[in-house]
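Below, subunit A partners subunit B and then partners subunit C, in two separate complexes.
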Partner chain A sequence: MNNSAIPAVQAADPPTRRRLPRNASLIIGLVLTGIFLLVALASFFYLPSNPNVPDIRHRLLPAGAPGHWLGTDVLGRDIVAQLMVGARTSILVGAGGATLSLLFGTITGLAAAAAGKLTDETISRGADIMLSIPGMVTALVLAATLGSGALTTILALTAFFTPSFTRVIRSAAMGVLQEDFITAARLYGRGRIFVLARHVLPNIAGVMIVQFTLYFAAGILTEAGLSYLGVGVHRPSISWGMMLNEAQQQVGVSSPLAIWPGFAIVLLVLGLNLLGDGLRDVLDPKLSRRRG
Partner chain B sequence: MQSRMRPIHRRIVRLMAAAAIVATALGGLDSLAQAASPRAAENKMILVARQDPGTLDFVKSNLTAMRLWIPANVVEPLVYFNKDGSVEPGVAESWTISDDKLTYVFKIRETTFSDGTPVTADDVVYSLKTMQGSPVVDYAAAYEAVKSIEKVDDHTVKVTLSRPSQNFWQGMGSISGLVQPQANAANIATKPIGTGPYKLVNYTTNSAFEFTANPTYWGAKPAIKDVTVRIITDGTAGLNALEASEVDALPVITIDLWEQLGKRELDKKYSLVTYPQVGEPTYAVLNQKLDKGLRETIARTFDRQSYNDAFGAAWGAENTCTFALPNQVWYEKESPESCPFPYDMEGATKTIAEKGYGSTPLEYASLSDVPDLSLPADIMVPSLQAAGLNVTRNAIDLARYSQLIFQGRPPQFDITVMSGDANPVQWACPDPSKAGWSTYCSAEYTKALADADVALTDQDYAAKMKQAADILRKDAVIIPLIAKKGVGLFDKDLKGFQEPRVAVAIELAKLHW
Partner chain C sequence: MTIYVLRKLAFFVGAVFVASVAIFLLIRGAGGNVAAVVLGKSATPEAINALAHVYGLDRPLPVQYADWISNMLRGDFGRSFRTNESVADLVTARLSISIPLSLSGLILGLLIAIPVGTYAARNVGTPSGAVLALVSQVGVAVPVFWAGILLSLLFGVRLGWLPTGGWTPWSQSVTEALRSLVLPVLSLGLIMAATLIRYVRSAVLDVMNQDYLRTALAVGMTRTQALLHVGLRNAALPLVTIIGLQIAELIGGTVIIETVFSLPGLSRMILANVAAREVIVVQSTVMIIIVFVITVNLLVDLLYGVLDPRVRATR
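Let's turn to the complex of A and B:
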């Protein structure tokens, strides 16, 4: 009896059943991102060794050396420990930049969508101007004026990503604002802020989440690029981009040193992109209906 | 069975033949790679520089990137000092020095500059007076004892000193003694002219220098007519260019690339030359205002062997506590006698705890974009912290470092590490209130240098310089760590490299295929 009931339940929810196998990207993305999040969290409680303390006698050990799974760098510092702390920095900076951009982008995007033509034009043209300035240049100028570091990188990412968030959220909010239930809410006497908070935001949450994951990944890449160029974080902080920068000097001596941080960046960015892709499939019913 | 084996045999034979062809082809490629440079037949050569000098104004710039190529090749000094101490004529054909070493008379050679204008005594007087007013302390220091520079006749110049000066005479064979035409003063930054074996044809910023043999050169014509110095800032890219036969030599290779030379066996494929002239000391600089006991304790945490080992090329660098290079007579290797504050972590930790130095906040300013200077910081900062000092690392790029450190007055740091010119005169400064980026101002040290300058014999000079070096060591402000050799890599067919005679200049005219 129990066995015969299962197909009945599955049949009752055909869209979800159809979407699940196609959401391999969501699952892989979740697993990859989850692993790196766990590694970053674990680094607060456990590290194989201090990633900043040199051990010259054990410099440039190969992967698999006793006590050093992935070997050591030019000063004998453990690669695994550095990757763990690097994960913390990459996630902190990427998430920090994406979160602040989401916050400011939501405020400006909703204001542009709901506060009238003048506000819309001002915010939209402002975003256009911001988008015409290459993000890396903004980051380099900020690093040169404020000094390099994780906070500067987060600020640079915020300045770089906010205009994109503004555009996407404005566009999504305008679509929702044209729906009949919004008109009904207004006729019912609801204020603009209430409508935006109660009716618009929940309906564009999917777009916001997807956008967040994609820019989280972009933030990690940008942070790695800045640190690689020497204007990101510096020791005693550690980032994967900084590890790449340090490994570059050793390419002719110990090539794997550059592979490990590169591999970590690729895997986490891939994980976040797959997660974003998968979330878009799940959270956007129109898209899944079209594909279905 | 036999009929089934034959095709297999045939396949094996074919595979072996193919392998032989591939091996032959690869062998051919290898031999091509080892063949003489394509420039040899054309009587040309291409060298690599890692830095762009920005300006070629040898009066105002002391950048190695300029001093490697312009002196001795394009612009010559009055005289040349050889490694054995002998002196050869340069722009001065002959000279006389009075017994009291206060009057120098130079007979100027009857020759022309590379633009065809004759060299006159007026040009020499102009050149020496221009150098006397140079903003570069090292260059102007040669003229401190100079009372007058006069033209005697069209080809004779007399220099009168107020006291004997070793610095003056040494300077006449170095940058301080370079001779240029007064008429070219406006073009010195982009196209300097001199009497040297080469003339500069073109200098493109961040790209290349192009030289061609000077047809009016007074000496033997250079063996190689056209020379290009290509600026490749990425050291590994420079080594790759050499391996691909795109260039013929890297005359100056910095310490961060030395380990690659061995690992890639480049030291076997090419001629590796080592010479001290282009070497540099790496040294820590402590803020002179810190308590002397604290400075001495900090010095005890410096593990020179670790810094040396970190580069993986101990063959090119020596541990030292003396601010000098091995070719300077007062140089001494690290030893209990020459190191007043040897590495002693245990002792340093104990002193820090006893004297309470851990409560003094210290800022370590480190360069983030210069590998051979950020690496010592990676070692030093954890050691200082482990000893119990309250050290914060301020990692900054070269642009900000230049503002903070080189222009900081009073010094804006407590500890930093530098690498540069080995001339001890740069630390001369009698008034501590004038301490700048170097932070070191000592009346005692400045007097010791002045005493050395007036020495009448080489032996006396060496003894006095040794005394000056002792003062520098014991004050624990400038703390030498390692002395790095100059290292170069040349195509095996490119012969004739000679150790620099005029500062760090690579003499192109001596090279030949």
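Let's turn to the complex of A and C:
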């Protein structure tokens, strides 16, 4: 056989493998997110100094001071140590909120897609109602009544994000449920739950991962906002939003202390958003083309 | 169309009802003994009971809820326990800050996003399109309060052009009031624009791939003419929806920006009253905001039905 005629056909690799290396968003996103994950992990084993213990003799040191790369705050606490613990909080709260929303959103979304018209109508309208309530205002009330803290913040995030997950997962699952292989599985005698778990879930996993990444980022932004307002996490936990509030209140905006935590938030959120966009290109080409 | 409108109205009523129950339970259920908090630590049990009785806080929750709702429907939003000011007066006073702030923020966001987003869609794949995509991608990641801090650092501290915070009431000096709103509006508008650019860009891209645009080109319009005459009108539909969805975002942004620039707006009032356990004030104020958002969404839905006959038919 003469193989020289074939390459034109063989060159068509599976699309996933071919797209991956060219996907700049995915790579930059992975690197940025990876760095912050490593920093957060490292903070459990090593901190330059205790970020909550005041050291009045070394207050407001500039960046580059011996032992304090980025200087110290108004009470002499090391900025690098605070930023490291802040990464931990951001990731914990953001991922916590996104995970719980994914869990509840998957359950309700699948139920809406598969359990009949009445269930669908109830769940979908319920999600619409929850989406029309402004989250920030509700979070203020929630934090004030339940008491602020990481757990309350995660719960607040879950309450805002779940309806979006419900909607996305419902429509993705409905698309899959119309496919022929679902009919085949049904005819084979498979039950509804089996079909959902075995056939629908794997087929919407891509959508779920993308949605998770994007709301992970949104969760970090919201947590920073709530902590900035003083209704998010509190010391001894440390949040970048809280650091920005302290800097603005105690030293004024001209201090470099009002800069570093902001950079950290932007880089991590940017990384996660890029990762989400990149993953969408790989896992869900249809959607990425529609969004341009 | 009638059925469409009725369905939307039914949803409106349902949403307001569910939201009111949720807010009521959230505030009352977790608020502790309200009268005790209001009177402070030195209060005798008799005084606490007396106050609870005066404000009807000792009645069963369903009765209190029904009372609250029926008063709200008659336009009576309740009074502060401590100062006896009516919630309506408190809210109206704060709106003179919050409404101009959020509305100008939204308008500024749209004024930036519509031309920039259209330009970005026209230039997909070119260096300038890529730069715009990157800028809006970064903009979406910037927390609105940090944008506020950076802007007040630049224009307030370094250049000294504008106040970095605080508020001069409209009645004292309109110019000063406007000056204290410039940076908050700028922060809010720029952050809104970053999100909106992405929506505008994909709405315009969608339109550019439609048959009617090809037809417009075929009858001899230039690409820009076709986009302006045919495209923009069609891209307006998804945009209306997005503005509806962004209203909740906008209010969230306003809440934070009011804190960044120490503006005594609605959100600062809520924060202060939550801390003081002024349950009626908080309940009614939050409810007013929620009803406003749900109303905007209702109007958007109805407008959508008017603009696009297909929507009425399919829903």
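Just so it is clear, the second predicted complex is superposed on the first by the 259 of 292 C-alpha atoms of A that agree within 3 Å, B and C clash if a C-alpha of one lies under 4 Å from a C-alpha of the other, contacts with A are read in each partner's own complex, and residues count from 1 in each chain.
Quick note on the criterion: contacts are C-beta pairs under 8 Å (C-beta built on N, C-alpha and C of every residue); 3 or more make two chains touch, one makes a residue touch a chain.
Note that this is a predicted model, so its numbers are computed, not measured.
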Legend entry - subunit B versus subunit C as contact partner of A:53, first or second or both or neither: first
Legend entry - Which of subunit B and subunit C A:183 touches, first, second, both or neither: neither
Inset, instruction - Please indicate which partner A:235 is in contact with in the superposed arrangement: first for subunit B, second for subunit C, both, or neither. - result: first
Inset, instruction - Look at A:249 in the shared chain and tell me whether it touches subunit B only, subunit C only, both, or neither; answer first, second, both or neither. - result: first
Inset, instruction - In the three-chain superposition, say which chain, subunit B or subunit C, touches more residues of subunit A. - result: C
Inset, instruction - For A:135, decide between first (touching subunit B), second (touching subunit C), both and neither. - result: second
Legend entry - Those residues of subunit A which subunit B touches in one complex and subunit C touches in the other: 144, 231, 248, 252-253
Inset, instruction - Would you pull the subunit A residues touching subunit B in the complex into a rising list? - result: 50, 52-54, 56, 59-60, 74-75, 144, 147-148, 230-231, 234-236, 248-253
Inset, instruction - Using the touch definition up top, name the residues of subunit A that touch subunit C in the complex. - result: 125-126, 128-129, 131-138, 140-142, 144-146, 217, 221, 224-225, 228-229, 231, 241, 244, 248, 252-254, 258, 262, 265-267, 269-270, 273-274, 290-292
Legend entry - Touch list for subunit C against partner subunit A, complex: 11, 14-15, 18-19, 22-23, 26-27, 29-31, 121, 124, 137-138, 140-146, 149-150, 152-153, 156-158, 164, 201-202, 205-206, 245, 247-248, 251-253, 255-256, 259-260, 267, 270-271, 274-275, 282, 286, 289-290, 293-294, 297
Legend entry - Touching residues (chain side subunit B, partner subunit A) in the complex: 236, 239, 256, 259-260, 263-264, 306, 309-310, 312, 368-369, 371, 375, 377-379, 381-382, 386, 393, 395-397, 399-400
